[in-house]
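Per-chain residue numbering starts at 1, and chain names A, B, C, D, E and F are given in the order in which the chains are listed.
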Amino acid sequence: MNLHPMKLVTIVCEAYAADAVLRLLAEVGASGHTSFPVEGSGARGRRLADIPEYANTQFEVIVRPELATLLLQRLGAELFPRYAMVAFESDVRVLRADKF
Amino acid sequence: MSDALLANLLSPAVLFFALGVAAALVRSELKFPEALYSALTIYLLVAIGFKGGVALAEAGLGRVWLPALAAIGLGAFIPLWTYPVLRWGGRLAPVDAAAIAAHYGSVSAVTFLAATNYLAAIGQTYESHAVALLAVMESPAILVGVVLGKRAGAARGGPPVPLGLVVREALFGRSIFLLLGALGVGALCGPAGMEKVGAFFVTPFQGVLALFLLEMGIVAGRRLEDLRRVGPFLLGFGVVAPALNGALGVAVGTAVGLSAGGAMLLGVLAASASYIAAPAAVRLALPEANPTLSLTAALAITFPFNLTLGIPLCDAFARWLQS
Amino acid sequence: MSDALLANLLSPAVLFFALGVAAALVRSELKFPEALYSALTIYLLVAIGFKGGVALAEAGLGRVWLPALAAIGLGAFIPLWTYPVLRWGGRLAPVDAAAIAAHYGSVSAVTFLAATNYLAAIGQTYESHAVALLAVMESPAILVGVVLGKRAGAARGGPPVPLGLVVREALFGRSIFLLLGALGVGALCGPAGMEKVGAFFVTPFQGVLALFLLEMGIVAGRRLEDLRRVGPFLLGFGVVAPALNGALGVAVGTAVGLSAGGAMLLGVLAASASYIAAPAAVRLALPEANPTLSLTAALAITFPFNLTLGIPLCDAFARWLQS
Amino acid sequence: MSDALLANLLSPAVLFFALGVAAALVRSELKFPEALYSALTIYLLVAIGFKGGVALAEAGLGRVWLPALAAIGLGAFIPLWTYPVLRWGGRLAPVDAAAIAAHYGSVSAVTFLAATNYLAAIGQTYESHAVALLAVMESPAILVGVVLGKRAGAARGGPPVPLGLVVREALFGRSIFLLLGALGVGALCGPAGMEKVGAFFVTPFQGVLALFLLEMGIVAGRRLEDLRRVGPFLLGFGVVAPALNGALGVAVGTAVGLSAGGAMLLGVLAASASYIAAPAAVRLALPEANPTLSLTAALAITFPFNLTLGIPLCDAFARWLQS
Amino acid sequence: MNLHPMKLVTIVCEAYAADAVLRLLAEVGASGHTSFPVEGSGARGRRLADIPEYANTQFEVIVRPELATLLLQRLGAELFPRYAMVAFESDVRVLRADKF
Amino acid sequence: MNLHPMKLVTIVCEAYAADAVLRLLAEVGASGHTSFPVEGSGARGRRLADIPEYANTQFEVIVRPELATLLLQRLGAELFPRYAMVAFESDVRVLRADKF
C-alpha cells in the first residue's frame, strides 16, 4: 500500500460565507470537499449555532501541496477581510492519490 | 389601554417568550435544537402564507393592490430616514448604517403573527388578506439598504458580489420564498384546499407560535450580553425607531383605507425589524457590515419591545386615529 | 378525466411539491433540516401504518390475504421484466440493471398517500386496509433484484456481504419496520386505540403530507441536474415503466376483486419506485451498483411523474376497466 | 386487575414502546434524529406543565400545598433508604450508590404521563393539578443524593465543582425549568390561555406521547446490552425499588388525602427513576460516578418495568388501600 | 506531562458504508472511534446531506502506528472498491497513551 | 502569504464535560474555539448520540505552542480523571497568526 503526502486545508467560517468558499474551491480546482456545521467563538464573538443566522461551517479539503498555497492565498486576500473565518493547513497521507 | 396591555402581557405567547428569556438569564442549559427552530420557522411561514393566500383568493386582488403598494413604499422609505440618523446621529460606519436601515425597513413575520393573535384576543377584526402586506414588505427595504451601503462604502477587499446574487437573495431568500410561495399555493387552492390541510396549518397554529416564542426568548436572552457591544445609541434607536415607524404605518394604513385592525397590522410591520430575511441578504451583499449590530438590535431590543409594548401601542393609536 | 387531472394539479400536495422544485431551481437557500425530513417520514409511516392496522382489525384478515398475495407476486414480478429491458435495452451493467429493477418493483409510501388523498378528494371509496398492500410490497422486489444482481455480477473486491444482513435489511429496514410495526400496533389496539391517538395521527395528516411534499420537491429539484448523468434511456424508462406497471397493477387488482379505488391503489403501488427502503437494502447488498442511477430515476423522474400524471391515469384506467 | 393489566399492555403507548425495543433488538437501522427526541421532550414537558398550571389556577394553591410537601419529603427520603442498600447490599462505590439513589428519588415525567393515560383509559378520576407534584419532586432527591455522594467520596482529582453550579443545575436544569416554567405560564394564563393553545398542547398530546414512547423503546432497547455491565444486584434493585417506592408513595398520598387516582400518581412518581434531570445534575456534581450504572438502571430496567407492570400495580394498590 | 505519538486515521464515506467501517475497526482492534455526519463532494458527485440516503459520515480513529497501516491497507482493499470514500492518516500526539 | 506554525488541540469528551472544557479554555487564554456534536466509543463504552444524555462534543482549539502544553497538562490533571474524554495535539500552519 502506498500513502501519498497531501495537504489538508481546514476552513471554519460563518455559514453565510459558505457559498463564497465553495465558489473559490471550484475556481482553484479542488477535486472535492467535506463540510459540516459547527459552533464556535473567536475574534468576532460567540457564534452559538442555535439559529441559522449565527451558524458556522467547517470545510475540510484535501489538495495537492501547490494547490493548498494558492487556496490559502486567495482565501486570505478575498474572503478574510469580509467574513468571520479561520483557515489552516496540515500534512496528511492519503490512500489513492489519483482521487485528488 | 392598560387592560389591553395587561391582557397582552398575560397571553401565552408573551409569557412563553419571557420564560425563554428567563431560561437564558439563569443560564439553564435548556435549548432548542437548531433543527427545531428551523422546523417551527418553516411551519409558521407556510401556515401564515397559505392562510393568507386562501383569504386573498376570497377577497380578490382588487382589494389588496392599494395597501400592497403602500406597504412596498413604506418599506422602501424607512431605510431612507433611518440611514442618515444612524450614519450621522449614531456615527456608525456607512455600511453598518445601511445594514441596520435595511433590517428595520424589512419585517418580522413572528411579530406580525403576535399582532394578529393580539387582535383575535381583543376581538378586533382585520382584513384577513393582510398577510399579503407582510409578504410584499420583506424585500424593498433590503434592496434600498443594499444600494445605500454599496454607494457609501468601498469594499475592504475581494471581488465585488455579483448584483444578480443579491437580488436573488432579496427575492428568493428562505423566508420570502416560503411566504410568497405558500401564499401562491393558498390562492390557487382556495377554500377547498384549506379544508384538507386546515387541521394542520390553522387549528394548532397559536400553540405552535407560543412554543416558538419560548425559543425566541431563549435566542434573544442569550444575545442580551451582546447589547454591550451595541452601544447606547443603538439601544435607544431599537425602541424609538419602531415607535415612529409604527405610527407612520398606522397613518399610511388608515390613509389607504384599511380598517383599524388592518392599519394596526401595517403599523406593526413597519415597526418590526427583520431577523431572518434581512440578515441573510445583507450579509451576502454587504459582508463588510458588522452583523452583531443589526442582528442584536433587531432580535434583542426591537423584537421584545414590539411583542410587549409596540403591539398594544399600535393598536391604541389605530383606534384613536380612526375614531 | 381532465377535470380530475386539474383538480390533482391544484391540490395543496401537488402545488407544494411544485413549490419545492421551484425553490431548488431558483436556488433559493430554502432547505429543510435533515432531522425534519426524518421526523416527517417517521410520522407519515407510523400514521399510515397505524390507521391501516385499525382498518385491518375491523376488516379481518380474510378480506386481505388474496390481494396481499397478489401484491407480493406483483412486486416480485416487476424486476423480472424490467431487468432484461434495462440490461439489454439500456445496455446497463448487470448490477445496475438489477438495482434499478429492485427500486421499481418496490414501492413509495408517499406516492401511495398522495393517491389516497386523490381518491378522497374526488370522493372515490377504496378498501381502507389497502395500506397492508403497501406494507407487504416493499420487500419482495428487493429480494428478487438482489438475487438477480448477485447472480449476474462478480464483486469488484472485498469480502461478500453476508446474506443474513441483506435479508435483515430487506425485512427490517427503517421504512418497512415502521410501516409493518405500526400496522401491527394498530391491529392490536383497534378502534379504541384510534380514539386516543387519532387527533395526532389522523386529523392533521393531510397537512403534514403537504409540508412533506414541499420538502420532497426541494429534494427532487436539487437532483434534477443529476439527470444528465442518468442518460436518455433511463429518463424514458422512468416514465414508461410506471405507466406499464400501473396498468398491470390495476388489472391484477381488478382480477383479485378489489374495488375501482383499491385496484387504482395497487396500480399506483406498482407504478411507484422506492426511494427509501430499496436504496438502503440495495446499497448494502449490491454496493457495486451506482446509486445515482436508481435513486435519481426514482426520485427525480418517476416520483414527480406519478404525483402529477400517474395517479390520475391509474384512476382513469381503473374506472374504465371496472365500468 | 388482570383485565386492567391487559388493557395497559394493549394501549398504543405500551405497544409503541415494545415496537421500539423490538427495532433495537432486531438491529433495524430505524432511529430518531436527536433533534426529534429533544423536540418531543420539549413538547411533552411544556404541554404537561401548561395543562397542570391551568388546573392549578382553577384549583387554587390551597388544595396543593399539603400533597406537594408530602411529595418533596418523599423525594428527599427515597435516597436515604436506597443509598445504604446500594452501598452495603450492592457493594457499590459510595459515589455510585449516591448517584443511583438520586436517580430513584427523582422522577420520570414520561412515566407520569403514561400513568395519567392509564387512569384516563380505565375511567378513573384524579386531581388534575397532580402535575404540580411531578414538578416539585424532581429536585429534592438530587440535592440529597449529591450531598450523600460529596460526604462519602473524595474527588479523584481536579478542583471541586462549585456548589452554586450544582444547585443551579438541580433547580434550573432543562426538564425542571421547562416543567415549572410552563406550569407558571399556565397558572398565569388560566383557562383563557388554554382556549388559545389547547388545540396544540392538549388535543394531539396522547398521540405525541405514543410516538415518543416508540423512540424511548429504541433508546432503551439499544442500552439492553449495557445490562451486562450493571450486574445482577442492580438488575434486581431496578425492579424491587420501584415496587417498594410505589407502595410507599401510594400510602403517603392516601395519608395526605389524595383520591385513589391521585395517590396512585404519587406512587408512580415515587416508583419512577429520573433519566433526564438527574443524569445532568449528578454528572455535574459527582463526575466520579459511573453514569452507565444509574442511567442503564433507570432507562433499561425501571422505565419498562413501570410502564408495563408498575403502573397497574400502583393503581391496584391504591384502590385496595382506599376501598 | 508526556505526549505520545500516534496516528489519526480519518475516513469520510457514504453513510451506507458506516456499518462496514465499524466492523473493520473492530476487526483490526481499534480501541475506540469518533464519528459525525458530514456532507461533501468528490469523484462520485455531490452528496447533499438533506436526506439520509445521501448522507456522509466522517470517522476519526486514533491508533498506534502499526495499526494505522493495517487499517488503511484493508480499507483500500476491501471497502474502497465499493463505496464513495476517502481516507488519510496524520500525526498526532495524545495524552494518556495507555487508552489506545 | 505567510503561514504560521501553531498547535491544533482536539478534545473529544462527553457533552456534560463541555462547560468544564470551556471554562478551562478561558482560563488558559485560548483566543477562540470550534465545537460540534459527535458520537463515538472508547474505554467508557459506546456513546450513541441518540439522546443528549449520551452525546459527545468535539472541541478544536488553535493555540500557540506553549499554550498547547499548558492546556493539555491541565486537561490531564483536572478533567481526565472525571470525564470520558480523549485529547491530542497536532501541527498546523495558520493564515493570520495575529488572530491567535
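Please note the rule applied: a residue touches a chain if its C-beta (ideal position, glycine included) is under 8 Å from a C-beta of that chain, and two chains touch if they have at least 3 such contacts.
What you are looking at is a predicted structure, and each value in this text was computed from that prediction instead of being measured.
Fewest steps needed to get from chain B to chain F, stepping only to touching chains, is 2.
In summary, the chains found to touch both chain A and chain E are F. When chain centres are set by their Cα atoms, the one at the greatest distance from chain D is A. Annotation: the chain E:chain F pair of sequence copies touches via predominantly different residues, less than half of the used numbers being shared.
Between the interfaces B-C and A-B, more contacting C-beta pairs are found at B-C.
When chain centres are defined as mean Cα coordinates, F lies farthest from chain C.
Mean C-alpha positions place chain B and chain D at a centre distance of 40 Å.
Chain D and chain F have Cα centroids lying 34 Å from one another. Among the residues of chain A, those in touch with two or more other chains are 36-37, 90-91. In chain B, the residues that touch at least two other chains are 32-35, 38-39, 203-204, 280.
Contact between chains, as defined at the top, is found for A-B, A-E, A-F, B-C, B-D, C-D, C-E, D-F, E-F. Those residues of chain A that touch chain F in the shared complex are 10, 12, 36-43, 56, 58, 69, 72-73, 75-76, 80, 86-91. In the complex of the two chains, the chain A residues touching chain E come out as 1, 3, 6, 8, 31-36, 62, 90-96, 99.
Contact residues on chain C toward chain D in their complex (touch as defined above): 33-35, 38-39, 42-43, 46, 50, 168-169, 172-174, 177-178, 181-182, 184-185, 188-189, 193, 196-201, 203-204, 280. Chain E contributes residues 14, 16-17, 19, 37, 44-45, 48-55, 77-79, 81-83 to its touches with chain C in the complex. Residues 10-12, 15-16, 19, 22-23, 26-30, 32-36, 39, 117, 121, 203-208, 210-211, 214 of chain D are the ones that touch chain C when the two sit in their complex.
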